[in-house]
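Chain nomenclature is as follows: A, B, C and D, assigned in order of appearance, with residue numbering initiated at 1 for each chain independently.
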């Protein structure tokens, strides 16, 4: 039974911190590894994350069937047990599927949902109309995070279009920012909101955290990504937000070789899961087929990068 | 109870004729319209199709959940009742989902499955490896149709790569040909098979039938598309295959204004379903959200195109 | 010496009719065939075109060097000699190159220039900004046609964004409409202009003319495409605009098998040039390398399609 | 007059080291800044580069006209004066333009040319055929570097296809490796060459150097990229090749925050030119329109990143 803080929490424009994108653990044969979910959630919580996002692209959501998605949700919510808010990724080619998944999540206690556009939204008008339909279908009380990830979705959104959505849809309270390059866009969103009186939404940054210090400097509220050393993300955000900018960046730079290594599209997921496995957070690093695998040489690179990180952390401490 | 011909039929390299891509009928509210499936199947059978392909892209398969997909399959197989072979589209981002859907179909009596590649297969080597995994996961006794539709999938395949698959995977017996432009490719496949001793597979053509006479002239075995006047596809193939080439093309040309009209990407599905509705094959023309809808002006165009076709058919008869 | 009508003509919102996209004739060895330009221009003028567009994508402009582009322009303007207006395609990755080409064209007597966007314009704001720069760089007295051809450029524009450009840039007087599907967009542009008081620009349709009758019905002012039987485009527009809609469509339908055949991306240019060669308009059908070539079987298809057209025209006359 | 070492040098499979991708300097008004070319070449030579690549994508080659391209070439070759080999980027939509540029470069003393594929090469067979035409058109004595940069070109090549080219075209002696992720591909190329007896070509890595240490560990021969601190690339390669792997990686990691910052697509070019300007290598950081510009905030970020680098280098020395 849960009587903790976040069981009825809803995302707002004030939400900030590190929402870790949770991996979805599988066994060698591709079956869901529900036991590892418990361990992984504990791992994330121990590292101090402010929230957890499940069933995102990095969670291999498109390879799950709806029953598996629900099984993952139940297990996660049971383990999190209200300790932090949970966002559910519900992007789907079909509106009904999207809504069903979203409502299942909200009933279990989700703080909101994340939706990415897809290629059918060819113009910004089409994009706006799609999110209008999404908001209507979800219902007004489901907080929404817009995932801006053109490298994968192929859909770009201008600051103007994003703000027209913010103006029109009260439930749109968060932006997952992973346009690339995206620093100017971040500044433009913040400036335009102030200048033109748009609501100032929560902005959490993705792209594996590759530009996190710069993004915090541009007004981001934190990170939403799945880097396998969540403690770095947490500490960098904390240091930054408490004004210790150089320390934040010093710490970040120690991890940067690994951040960059994990940030390789597609392949990086295999790296991330292997690091999580080595750190004891999951039992098996397998991605579901079709998915990337590490070769012997890949392991050698990873050994080296992890060991160099450990040495540097040891010196630093 | 079924004791008819095609309950245990399997696709082979000799399969030919018109495999109609079945629409999936929905009600206004987006719910599956199972009653209309019966009517639609009867309609297709009356028009003389050689086979039916279900759960393809034009069947809005990505918007169904797995239970709905299975409900569609069951209803279709029950109504077809072995009168013609049925192919099931099983393309999916996850291998497990793909295999589960395929096996469900085969158990119900499918003649084979159709699989399209997707963007993760970036090189022809990756493409070959993906289909190797698909074949292995399906099992050797599941006949496979390769859907070559770069306009939608973004994946192109060379004649050489396709034939390397044909050589390696005995169960790959059919090509759904809808590369565009694709006439030269068709000739190259036929010539290369003969010259280099590759198996000569069945080739059924898509793209709404827009180039059907030319494709039959290049060695295609028929059509696999969803044009809402299946009788044209059937008659054109029959005439062509019995050597009445001019008659085939004359008939085709009568329908060409509508073929071209239906062949508009995305939007064409709404046209197709509306024609099927007007012809009494389904109760409601709705596509599932997010999907195209016809405006008043769209209906005016369609009225005109259909009425012109009817006049010309009346003159011709 | 020219004292004719169109030497100082400028495109306006009232411009209508058929602006043929001119092919660029080459010799077998790839050299410019300037003599054939004379013949080709005469051919177009004899067929009754209202204007000519040169150095478009179908004119293989990206394969010319600037000197060749200027040589083509000079020869065309000398031969046209003010009999019809000429539009120059000036799309270019660099603004300086674009402007130089445009100014060369205007000095020779061009009626305006056509500019397509390219992939760097990722959002509609970026698209607007790009055209703002283009207009500024061209100068206010250079009339501009926006080429809306997402299949090739990869850039989509909404009706709203297009009209924001129309409102902001007085010199933007024409849309080359070849979005696909594009019928609804055409209706929306016309309706939105009327309802929201935007300037009503000239709309000429591309896509090889594949939907020309429907597009005229939606409010298009004519065609801008390179179909190798320009007389059909001219007659269809004339009939349509004089209210003889059925006759227009009857005539169109006779040519539709060839319209569709020429409308194959990339490959269709080789078909078009071969028809122009067979009709005596150019000496050699070669496209510049790398470019498509016709095989023996391609010639057989073309023989057949052209001969079928001739038979039907003979019956009709 | 030049009597130095590299005036008649030709690229071979043994070529290694750092070939810097040269920026092209412009004045504020967009005109070529030929004086800055001299300074920039001197800067690169002082930093110890093994070679220079001009007129690549990062050199804004598509925005130059052919006369400007030749002016750049002449100035560069005059200044380099045989001190290091020079590669000329000659990618072009037209084969004639490509060949003319290549021959101009070779006559001036280029060591070879670099050619990237483009979207028209949709299958690996088409890709092979294109490079066959390129090799034939260039002539056998022009050494060729294949630029493998799918993020920009949209064209992917498998190890198998690349090696089929290596086997077929003797003049193909170098790979500019910037597939992403690309570490496994590098290993596969090296392993497959050894196992299957393909020629072992020179591999220089791009992507701004983002994975340089790992790539050297996988068998790369050096770097070909335009990072604005070429001395880092040179030292990392030297250290790595002399077996001082940890030192190489330590040095690399100091620069990594800036490597990552410069490696932002499109935008990164503005960063790179500004760093070159600040370092005195060019007079003006302007990119040619349409191109990226730095905002005030962008300068603040760059101040900070450069100053942090300088502090760390000071500590290290």
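Quick note on the criterion: a residue touches a chain if its C-beta (ideal position, glycine included) is under 8 Å from a C-beta of that chain, and two chains touch if they have at least 3 such contacts.
Just so you know, these numbers come straight off a predicted model, no measurement behind them.
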item: Proportion of interface numbers common to chain C and chain D (over half same, under half different); value: same
item: Chain separated most widely from chain B, comparing mean CA positions; value: D
item: B-C or B-D, whichever has more C-beta pairs in contact; value: B-C
item: Length of the line joining the C-alpha centres of chain B and chain D, rounded to whole Å; value: 47
item: Chain C and chain D: spacing of chain centres that average the CA atoms, whole Å; value: 38
item: Chain centre separation in whole Å, for chain C relative to chain B (CA means); value: 34
item: Multi-chain contact residues (two or more partners), chain C; value: 266
item: Parts of chain A lying in touch with chain C, wherever the complex brings them together; value: 122-126, 150, 156-161
item: Touch list for chain B against partner chain C, complex; value: 180-181, 183-184, 187, 210-211, 214, 217-218, 249, 253, 256-257, 260-261, 264-268, 295, 297-298, 300-301, 308
item: Interfacial residue positions of chain D with respect to chain C in the complex; value: 30, 60, 62-67, 93-97, 100, 120, 130, 133, 137, 266, 288-290
